[in-house]
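As structure tokens, the structure follows; a few thoughts come after it.
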Amino acid sequence: MTQRILVINPNSTAAVTSGIDQAMAPLRLEGGPRIDCATLAEGPPGIQSQRDVDHVVPPLCRLIEREHNATDAFVIACFSDPGLHSARETTDRPVFGIMEAGLTTALNLGNSIGIIAILPTSVARHLRFVRAMGLSQRVAGDRAVGLNVVELSDEARTYGRLVETGRALRDQDGADVIVMGCAGMARYRERMEDALGVAVIDPSQAAASMAIGAIRLGYRTGRRSAA
Amino acid sequence: MTQRILVINPNSTAAVTSGIDQAMAPLRLEGGPRIDCATLAEGPPGIQSQRDVDHVVPPLCRLIEREHNATDAFVIACFSDPGLHSARETTDRPVFGIMEAGLTTALNLGNSIGIIAILPTSVARHLRFVRAMGLSQRVAGDRAVGLNVVELSDEARTYGRLVETGRALRDQDGADVIVMGCAGMARYRERMEDALGVAVIDPSQAAASMAIGAIRLGYRTGRRSAA
Amino acid sequence: MTQRILVINPNSTAAVTSGIDQAMAPLRLEGGPRIDCATLAEGPPGIQSQRDVDHVVPPLCRLIEREHNATDAFVIACFSDPGLHSARETTDRPVFGIMEAGLTTALNLGNSIGIIAILPTSVARHLRFVRAMGLSQRVAGDRAVGLNVVELSDEARTYGRLVETGRALRDQDGADVIVMGCAGMARYRERMEDALGVAVIDPSQAAASMAIGAIRLGYRTGRRSAA
Amino acid sequence: MTQRILVINPNSTAAVTSGIDQAMAPLRLEGGPRIDCATLAEGPPGIQSQRDVDHVVPPLCRLIEREHNATDAFVIACFSDPGLHSARETTDRPVFGIMEAGLTTALNLGNSIGIIAILPTSVARHLRFVRAMGLSQRVAGDRAVGLNVVELSDEARTYGRLVETGRALRDQDGADVIVMGCAGMARYRERMEDALGVAVIDPSQAAASMAIGAIRLGYRTGRRSAA
Amino acid sequence: MTQRILVINPNSTAAVTSGIDQAMAPLRLEGGPRIDCATLAEGPPGIQSQRDVDHVVPPLCRLIEREHNATDAFVIACFSDPGLHSARETTDRPVFGIMEAGLTTALNLGNSIGIIAILPTSVARHLRFVRAMGLSQRVAGDRAVGLNVVELSDEARTYGRLVETGRALRDQDGADVIVMGCAGMARYRERMEDALGVAVIDPSQAAASMAIGAIRLGYRTGRRSAA
Amino acid sequence: MTQRILVINPNSTAAVTSGIDQAMAPLRLEGGPRIDCATLAEGPPGIQSQRDVDHVVPPLCRLIEREHNATDAFVIACFSDPGLHSARETTDRPVFGIMEAGLTTALNLGNSIGIIAILPTSVARHLRFVRAMGLSQRVAGDRAVGLNVVELSDEARTYGRLVETGRALRDQDGADVIVMGCAGMARYRERMEDALGVAVIDPSQAAASMAIGAIRLGYRTGRRSAA
């Protein structure tokens, strides 16, 4: 049976899932796992706070339980990696969080990582997770574009702020690789690389790439049995 | 034109390259990049010391220069990541070192990494690189199997020592994911996972998986132009 | 109106809440805040996994919302600090997690902290939070007593294992202050101090003590307004 | 017999002790320990250098010895925590240093701590102690108000500089909780919280709060006996 | 005028000063600074506690003031570096502490440092200073020989315990360079190197060597003037 | 026989070697080791990239092998410490790298180190080595003078940029000791100290000073024999 990666958008906005789905295009290989994207219907329209992060975990786990038998690897496509560790207790399939995967991939592409957050209030949360991952020495900075939902729908405005924020991370903080702190922004990625002259990572793509390898290689994840 | 990953074994032992080549099998996907393996003829039979690591860099860079036009991503398949940063100056294609890729992949599969080295004299060198990567907080330990070349050709003996060393890392150092500190040992991987009950990573496979993603996504690597 | 601290046991076991309530006795000062303890009815009998931790957050936040007007500070009395950061978004009253408060108090009582966990599977979770707090340099070790629920009801057995585990942390890991990684165990605390010769902290007590100070001093917590 | 906390001002300026004494007011609970403040007569008028810090230790220890029998916990109220570890050898009562207590309390109130120093020459000394505490990852910055003794007596001027310095720590360094790096400044605390929109800690108050808990709970401090 | 290094033994035991003086022999070079050793008469017989460390600072500073005009560099020859930072305020000559100099020298001679302490109660103090120096990642361990003053006068016994302790640091903690945590033990150094097979540093010698360089090169130390 | 230090300039520019040789003048003591300087003929004119660093290692090791019998300690006088660890496998004499020696010496002269690099592209490489040394907490910043080879021959221009860069490290990054990230610049050192008011280290001088001590004390370096 065909192997399958399920990329879950934990917010309930179909347009975001659509953006993630388009970002998966380069990773859909003929002989590779199928990459499906799902929207978590019970999720909020956007995940913007720690409350949002925590409240999506129960429905996210239920979705993973339902999909477990039909899935070989999961990706949680929200930069706060909501429920990542609970998900790893819920299924023995590999589970990737896009923040964890995005940052660990960036370590192979640059010396010092800059994170572009959407909201200023996300920065402290990101930095707490960076510390939890033990990666503080490799993160140069985390800066927010500071746009609200209405402004984010203006693609030109968003692109402009993404590049400005990337420049600040590069020139003021010393970053030489950028991770976009949000899912579904892959359509800006290549233009940003041209504008900034450094690698720019869409973390959903980084996570899906890791999932392909994990499935093909068959890493043993899930509950450990001592031997 | 088909995309191509070149995995370079910097030592001159064809049997090692052969082992790496076999390890690539699960990652050769239809529609995906071709994965070729090459032996560095000018390399020593085995890379066992810092001198060995440093002396392979010039011929490695020359090989990369020759292969640049025909290659989309390179993997340096020796756990000391010889010449990794010089290689990144030599070509603007993505270059992955198997230690860097193996450890960063492991961060997504466990809380605390155990490294199995072949030689005791490699441990200090590994730990220096772990510090250079800023990952000291996530590495539980690095222990050597302590076998010489003759003993390593005895597969049963080698497998036994790999499992014993993995157990020590797991039970005494608290590791919950293991990285094999050597290329070409993939044939032991799955049995070790069954014996130890934790994920075990062959770092060459981890690096090739990252290379697939880097090629498909087209990250901008190489010399940065400021904008 | 009398100031009030609400200490919430996020599991649904009344006997645990009762143990916490008794532990509060020394901190109920005339002229000081009233300390009430509550059981989270929707919580599981015990919080033993990351899933348990995440699943209590929604009902915990609802309880905090209901109690907000009648409370001056909250304590979340589970060593995994479930929902700590969500709680801080839910109310502008100070919220203390007993792990965070227990460890930060310990920094004033010793050079190197030993944590006694109940379950072996909790250790990785604790260490992730220790890293998130940036306190890895001050934590000597985290060891589990390794008793199941039936065995934990045997007080003599439990006390014996607590002391053995404390000795291992002290003698093998170099700890000179111990934090019990569980709520409601204060009845063992003083005997353990006598047996081990070092300070032993019940983290619920540490958190309630901090809450008293926070209420009396009136720290500004909650959503920041920039000026 | 009534429990007693002795808060020692190691400089000989009675006005500073008076300021500390007023800061203790919210913590004097009817059923709680008595909080007395003392001036170290042999201390210098102000503690401004490492020499000052070191020279107060002998008389400070003598004072602690004299007061040992009549005291249940000591607080050393100078932000350089002079003699903290010697004091812990001098008495088996709990001893708190206001820097240690102020910073560890701040860890419960924010993600990233800003320290306001009085003198620029104090900053290096503070940062050395922050490293000694293992808290470097949680301290965003340490900035000095840069006023001399005459200017500090001008309350409006001092308040203005405190707020400017707090703003720089918050806006340029990313601090979301402020610790005043000096004893006896509590009278500015609440206004600063209103101006800055973040919690502001008077470290003498934080230390006295910890001392109340330590006395009520009866932590075993002082020379350890192994068992 | 001949340049002069003054090595101060802050304890009052002449035999210790004598041992330090003999250790200076290889560093007394023709054309180089004169190396004089002095005993601090007001110091205790031995410096064994933080109280001892702090109580020597005033007389140490007075001695440095008296000797300032006749000295080009000072060495404080006690492994707790008593008064190091006060001394640097007292004189603008370079001042070296033997712990700081011993550890920083060791960084050039090995990957991972083992410290041999005399008393078990010194270990926590050493580790606090290691953290203050920011060197925790490079220190493998600190173990005490655990001999009292009488036993230390038995040279064979002392040598035996030094070697045993060095072996534990090397084999159990992974140290590949040893620093003796005490002044005046140079007479054991070379034998220990032969027995252990790694470099062993007498920190007084390391500090005096640094002082020679500082004098000959004329580093600007002391109170900084901004320009 | 006279003891001898060989300071190797791994680039082939005789003028650089000449500058290093002049910098050695204060360390040539009548009774001390002879200090000879050599140019590595096979080296590039300047070492500016990781490729340059790696390519000098084989000829550097051959030079060390040839000189082994006639030399008591080696210094590698390029701030990238090329071949430092290979050199330590090549000879059992002590080998010092000027970056390692310069930074470790600086730890004794200030709280926070500023590094002046020549090329902007060197900064990432330096920071990787600082992490490898475990010294990240003590390095305030690394800034480049940003002059090309032609401009560097203009001494007034170079001196001006060195001072500007030093000021930025001191005032913006908080450095209180400066290390020049290049060999052969000692002629600017004292003027820079006067201009900046902090100690400025020429790392070649720091390394040669350490070598003098290592030779006189006879540290056991080279391949360890276990005992």
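For the reader, a short list of remarks on this structure follows.
The letters A, B, C, D, E and F name the chains in turn, as written, and every chain counts its residues from 1.
Quick note on the criterion: contacts are C-beta pairs under 8 Å (C-beta built on N, C-alpha and C of every residue); 3 or more make two chains touch, one makes a residue touch a chain.
Chain-to-protein mapping (UniProt): A, B, C, D, E, F = Asp/Glu/hydantoin racemase.
Treat the numbers as computed from the prediction; the structure is a model and nothing was measured.
Steps from chain D (Asp/Glu/hydantoin racemase) to chain F (Asp/Glu/hydantoin racemase), taking the shortest chain of touch contacts, total 1.
Common neighbours of chain B (Asp/Glu/hydantoin racemase) and chain E (Asp/Glu/hydantoin racemase) (chains touching each): C, F. Under the touch definition stated at the top, chain D (Asp/Glu/hydantoin racemase) and chain E (Asp/Glu/hydantoin racemase) share these contacting partners: C, F. The greatest centre-to-centre distance from chain E (Asp/Glu/hydantoin racemase), using averaged C-alpha positions, is reached by A. Of all residue numbers seen at the chain A (Asp/Glu/hydantoin racemase)-chain B (Asp/Glu/hydantoin racemase) contact, over half occur in both copies; the interface is built from largely matching residues. Annotation: C-D is the more contact-rich of the chain pairs B-C and C-D, by number of C-beta pairs in contact. Superposing the C-alpha atoms of chain C (Asp/Glu/hydantoin racemase) onto those of chain E (Asp/Glu/hydantoin racemase) requires a rotation of 120 degrees, given to the nearest 5. Seen from the C-alpha centroid of chain B (Asp/Glu/hydantoin racemase), the farthest chain centroid is that of D.
Mean C-alpha positions place chain E (Asp/Glu/hydantoin racemase) and chain F (Asp/Glu/hydantoin racemase) at a centre distance of 25 Å. Centre-to-centre separation between chain C (Asp/Glu/hydantoin racemase) and chain F (Asp/Glu/hydantoin racemase), using Cα means, comes to 51 Å.
Note on chain placement: the centre of chain A (Asp/Glu/hydantoin racemase) and the centre of chain F (Asp/Glu/hydantoin racemase) lie 43 Å apart, centres being C-alpha means.
In chain F (Asp/Glu/hydantoin racemase), the residues that touch at least two other chains are 128, 131, 133-134, 136-137, 176. Pairwise chain contacts in this structure: A-B, A-C, A-D, A-F, B-C, B-E, B-F, C-D, C-E, D-E, D-F, E-F.
Note for the complex: chain E (Asp/Glu/hydantoin racemase) touches chain F (Asp/Glu/hydantoin racemase) at residues 26-27, 29-32, 94, 96, 100-101, 104-105, 107-109, 133-138, 176, 190, 193-202, 205-206, 208-210, 212-214, 216-221, 224-227. Per the touch definition, chain D (Asp/Glu/hydantoin racemase) reaches chain E (Asp/Glu/hydantoin racemase) in the complex via residues 49-51, 53-55, 57-58, 61, 83, 85-86, 88-90, 125, 128-129, 131-134, 136.
Here chain B (Asp/Glu/hydantoin racemase) touches chain C (Asp/Glu/hydantoin racemase) in the complex through residues 111-112, 137, 174, 176, going by the rule given at the top. Of all residues in chain A (Asp/Glu/hydantoin racemase), those touching chain D (Asp/Glu/hydantoin racemase) in their complex are 123-124, 127-128, 131, 136.
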